[in-house]
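Presented below are the structures under discussion, each in the form of structure tokens.
Both complexes shown next keep chain A, but they swap its partner, so chain B is in the first and chain C is in the second.
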Partner chain A sequence: MELSNADGRGGSALSMPIAETLVRWNSRGEMEPVLAVAWQHDPDYKRWRFSLRPKVTFHDGEALTGASAAPALLAALKPKYSDVSIETGGQAVEVKAEHPMPDLLDVLALPGAAIFRKSDANALIGTGPFRVTASEPGRHLTLASFDDYWGGRPYLDAVAIEFGTGRGHADLFDIPVGPARRILPEGLATWSSAPRTLVAITASNADPALLQALALAIDRGPIGNVLAQHNGEAAFALLPHWLSGYAFLFQSTPDVPRAKQMVSQLRRAPLSLSYPANDLFLRSVAERVALNARDAGIAIQPMPGGNGNLRLVEFPLESEDAAHELLRIAPQSNPPDLTRAESLYQLERTLLDEHRIIPLVHLRETYGIAPRVHFQKPGADLFELHLEDAWVDQRAAP
Partner chain B sequence: MSFRTKVFLSITATVVLAVWVVAAVVSTLVSQSFERRDDQRTATAVGQVQREIGRRGAEVARRVEAVAESEAVQRLAVNPGDTSQYFATAQTLAAEQSLDFLEVVGPDGAIISSAEWPARFGYKEDWLTQSADWNMQPAFLKKEDLSDGSALGLIAVRSVKAGDGMLYVAGGQRLDKEFLDSLQATDGVGLQIYRNFEPRESPGPAAVLVDDVRREPRELKRVTDAASITAIPLEGRDKQLLAILLVENSRTELVSLKRYIQGTAAAVGVAGVLLGLMLSFWTAARVTRPLRDLASSVRDVAVGKWDTRAKVWSSDEVGQLARVFNAMTEQLVEQRDRMIQAERVAAWRELARRLAHELKNPLFPLQITIENLQRSREMAPEQFDEVFRESTSTLLAELGHLKTIIGRFSDFAKMPAPELEPVDVNQVAREVIQLFEAQLRAPGRPPVETKLQLGADAGQVPADPDQLRRALRNLVLNALDAMPQGGALTVRTSRHDGKVALEVSDTGEGLTPEECDRLFTPYYTTKQHGTGLGLAIVQSVVSDHKGTITVQSEPGKGTTFRIELKVTM
Partner chain C sequence: MQTVGVGTAATPPESGASATLPRLRVTASSDTRGLLFVAEVLIGDNRQVAMLPWTLPSSAQAKPRVSITTKILWIQPEPILDLLLVDSGSQMLVLSLNGVASYRSSGEKWTPSATASLVLPRPMPRDPRGRLESTAGGVEAFLPVATCVVVWNPELKLTCASSVANWPGTLGTHWVADRNVLEGDAPTPSFAGWGSDWASIADPCSAGTVGGAGKVAIASSPNTEHDSVRTYLILDGQANPTSDPLPLPGPVTALWEAESPGQATLVVHNLQTGEYEASRLALACSQ
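This part shows the complex of A and B:
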């Protein structure tokens, strides 16, 4: 199967596992085993013990053991738990630290905690259903099915992925956000993820009151409907509603008169809104924001690249862990306990009230799917499109 | 002011005035010519701009019609439901039709797609929905709002029926510097468009003109040294002033030409002044040289050169004057000669009379005595001897008298040349007065008071002391003779201006002016017993000493003789 990625945006919704984690969240929000079949911890969450799945081998044939998994695990955990240490013995892995690690499973479920090894010839040797056969960073990646995959060989024999090209003859291709969507041929099958990329304005050096007025002045609906061509949803919260469950509580409508009134009482400082150069969608968003701001009397100069005092930033979700994603969007030096939904809401409310970040739109990822490509469980997971569930009908025309 | 200066000023003033008048007239004519040319250029440029606006307006209208008939707009008109997918349509269509501005606007006036400001979708353009017959209207000027400011556009609008409503397609092109640059430029003419929604021009003639047109939108013109600027208001659909076309005609050529004229005039003026200077010299030389010659001749005549003749340079008035002068001097010479001859005759007559008188007096006693002596031969010898003695005594006395008379005349005839030596004038005065002291104090003599008023600074003069004493003595004698009843005799000396003055004054009866005129004529006397040689001798002495003698007298107030001798010869 050939796969293309036109603008490099997204791609996070496409699951083509090469390396796997010990655990993962399923679509029901439950933690389920992957490479670890069992785990337990002491009452203080300072010592965790995992039992690795037996008879799992890496793509190069080496068996998955505690010793072979430990380097990747240690590298993944060190950034969060500086005093972490790992002891291994056979298929057992023991993770220890001086401080409690109650959220260790959440961390281990993240893609960054995948278990992989490196060799001189291959930088990514995992245990997933696909193995890397050739790669040229930023241009293309070729995968082949891993026949000895512990979960069973995938349907696809090989996957060729081209980056930065048009659709061409690809069986699966990403549909960029924005006007390009309208040129799709009629009847084309598509798959859209749940909104999973937040586009927001972050402020590094601006009057919070001015930012509050700006937030009131922005009409988010047209950004999702027109600029994103219905490929996004107006965002009033940092986390999408499907992830947090409370985003509707932040919903509001533009209030330009009030914004004007607020601006009239402020010292007007010129603002610049920078966006990644060559990103047409974010450029159009920046210009729309500047237009809305002008209606409220706020002068904003869109600026490609550079360092504006306002920045247009994308925050793609990498997991279905709401707390983790919220902390990714707005890192906290001393994060509160976010295991409860109320505390998560309170943190987000606090963050939004500070007006350091103004959510604009949550974007979906959409892929066009050639008629000969089929998925075993289409629509079962709106977070990721699993390539290991896909197969190609060789009889159909490409 | 000399004649030369007057001639110079006259010529210079004439030349400068003439040059100034010519320069002013030429400058005015040139200015008028340039203004007519500027007006023609301005009219041409304005006509060109208006034609180009009209041509581009028609082209814009045609392109907007093409957009309105495009598949995308027609599809939108057929299915105007969800317009979000047409968000970028205007940009594509504008690029296809080379339009700078293009907006597709829905029936409600909301922008569906905007090429010039894509982010403005959804915003209202209500002015489009206020006219129902856009398809019949030509292109017009309009201010177009952009994300980075505003621009002046030549806009056409066409409408397309969409369900129950209308879709509007408004498109156009910029009217900016590139538009002006695309026009065929006229030499020396600059075109500029001031947009009425931009910050005002920097200070200058154009800015002032712009302000004037903004206050009162009409064609205005302003002329400066650098350029003449014409401002033509450009109005939009609703007659609002959107822009001002500034047509600037450079006046560099005119200014250069005026400067050239002024420079030439200045050069001609300077040349005129120089010419005036030369002409004045030449004219003055031609006119004043005869006059100066004439004046010199007059001065010569004044100093006694009676035979002087003025040169006749020309036959004009000056020449006639010279001829008249020459005739006059000839007549004067003739008259002088006649007078000299008459005076000589008179002098000889006077001399004869005086000689006859002087000689007759002693001759008569000689005759009587000789006749008496002849008769006495008849007398007794004793008586004869007595008569003979008396007669011979008388004869000797009278002969002595005759000798004296002849000696006086001889002395006058034989005045010796003075032998000069330093002589103290005061000393001479004292000696002469002392000489007369005894005579003045003689019994029976009328009282005469003598006064010596000798200046301490009189000093010495080069003179013959004997002759000077003689002259002074004669003057004193003359003064004493003038005061037969007594009076005052004053002798004064003084020194001034390099001369020493010696004055002798009496308080006698004085002289008439006619007597004064003849006073120094030899053998002229007002006295009964004078030879008339005393004052003539004085004048002769003074003349031999290169001095002067003058007399001041009024009848009844005495007479003063004044001798002036130079301190150095």
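This part shows the complex of A and C:
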């Protein structure tokens, strides 16, 4: 199977598991076992004990044990818990720290906490259904199925991934978000993720009252419908509605007269809005924002690259944990308990009322799928497209 | 599905007092965990919000006419692909990923008698499936990567060929090589709420009626990790439930029509124990 990825933004909704984590969030927002089959912690959350799944091997044949998992785990946990230590014995892993680690499972579910090993020839030896057979960073990656995968061999024998190219003859290819209109061949199926990348304006040095006026002036509808060609939804909240369930509470319509009135009472300082230099989509968004701002009497200069006092930033979701994602967008030094939807809403309300971040659009990721490509559970996961569940009908034309 | 409800306690605008009277708006929403009721109390420009997660209760149903009973026949740590009772139910063959095992009936228990390993031309695909079928020559094991002849008397033997054969008594139904999907001339029904496993068995309520015994479909339903099974009568292209859902202790990994009429073989991966449980499902008419 051939796969192309033309957009540097894309790719995160495509699951190509090479290395796996101890645990993961499932589609219902519950933690479920992957390489760990059981875990427990002491009342203070300072000591966690995990039992690793038996009979799991890395791609080079080495068994998954506490000892073989520990180096990758320690490297993943150190940035968050500086005093963390790991003890192992057989299939047991004990994670200890002087400070409580109540959110340890959240951290372990992140892709960055995947268990992998390195060799001179291969920088990524995991336990997942696919193993790396060749790679050239930024250009291509070749995967082969891992016959001894504990979850069952994938249907595909091999996957060739080309980065930075158009569709070509690819069986699966990303359809980048952008201003250029794309006409897809008839019969081609597409898959779109749930909205999963927030595009927002962040402010490092601007009057919050001016930002409040700017937020009122921006017409978000055309950003999702026209600029993103319906691959995005207007965002009034930081978390997409499918994840939080309450995003509609933030919905509003542009109110240019009120924005104008607010601006008239403020000292008008020129603003610059920077965006990644080669990103045509974000450039079109920046220009659109500048246009809306001008209607309200706010002067904004779009600026490729550089360091404007306003920045257009993307926040791709990396999990289905609403609390974790909100804290990634807006880190808090002392976050409240966010297990209840109401407390999550209150924090998001507070963040938006501070007017240091203005959500604009939540983007979907869309892939074109050749007719000969099938998925075992199409549509079962709104968040990711699982390559390990794909197969190619060899009798069908590419 | 509960509908979105909106309630207001506002007085008409001309009363002049509407700005101070509280208004209540309740919205049925959902997040990744399920339903979420969001209540907004609006007083002038102020808004207070309360949220209540809610699990959908089972919908009210008419009294079901079919009841499902289960009897566990075999439990083991390795995945069970299928199970077949032979020699008038005195012997049991269990098809697993690694081979076929035979068991002898001794009262209510099954005693292991022999095992034969599967030597396959290539590894099984993920989510492996397999079927044991009585054929004219004995028993055959149909797998996505091979077809094997099973002989259990006088000793258990497996002879496999790397080809996918048509299932006996079907319209050319066979595994698609290296995948866990079936291909055949007969269309495969699929309805909303059904999982990937279903079997067609005799309808216990239609026996003795004009036209003879009809068929009902028994299908798995992937309701979170803990699947359920339920019977359906297919009429006019619609699947009409005829039983209550039977909750199971984990996901269904196999559901086949059994060798005995009116029964099905069900395999569930019990998430509590981690073991695979093969059961016999039987239907009874409760009308």
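Observations on the model:
Heads up, the rule we're going with is that the second predicted complex is superposed on the first by the 392 of 398 C-alpha atoms of A that agree within 3 Å, B and C clash if a C-alpha of one lies under 4 Å from a C-alpha of the other, contacts with A are read in each partner's own complex, and residues count from 1 in each chain.
Note that a contact is a pair of C-beta atoms (placed from the backbone, for glycine too) under 8 Å apart; a residue touches a chain by one contact, two chains touch by 3 or more.
Just so you know, these numbers come straight off a predicted model, no measurement behind them.
Overlay on chain A: chain B and chain C fit together in the combined arrangement. When the two complexes are overlaid on their common chain A, residue A:Ala75 makes contact with neither chain B nor chain C. Set against each other, chain B and chain C differ in how many residues of chain A they touch, and the higher count belongs to C.
With both structures placed on the common chain, the touch criterion links A:Glu320 to chain C but leaves chain B unconnected. Of the two partner chains placed by the overlay, neither chain B nor chain C lies in contact with A:Ala123. When the two complexes are overlaid on their common chain A, residue A:Ala134 makes contact with neither chain B nor chain C.
When the two structures are aligned on the shared chain, A:Asp147 is found in touch with chain C, with no touch to chain B. Of the two partner chains, chain C is the only one that A:Trp391 touches; chain B does not reach it. Our summary of the superposed model lists a minimum C-alpha distance of 29 Å between chain B and chain C. No residue of chain A lies at the contact with chain B in one complex and also at the contact with chain C in the other. Of all residues in chain B, only 84-85, 87-88, 117-123, 147 touch chain A in the complex they form.
For chain C in complex with chain A, the residues that touch the partner chain are 27, 29-34, 36, 38, 40, 49-51, 53, 123-128, 178-180, 196, 224-225, 274.
Residues of chain A that touch chain B in their complex: 179, 181-182, 219, 222, 225-227, 229-230, 284, 287-288, 290-291, 302.
If you check the complex, the residues on chain A that touch chain C are 26-30, 32, 37, 129, 147-149, 151-155, 241-246, 248-249, 320, 322, 340-342, 345, 376-377, 388-389, 391.
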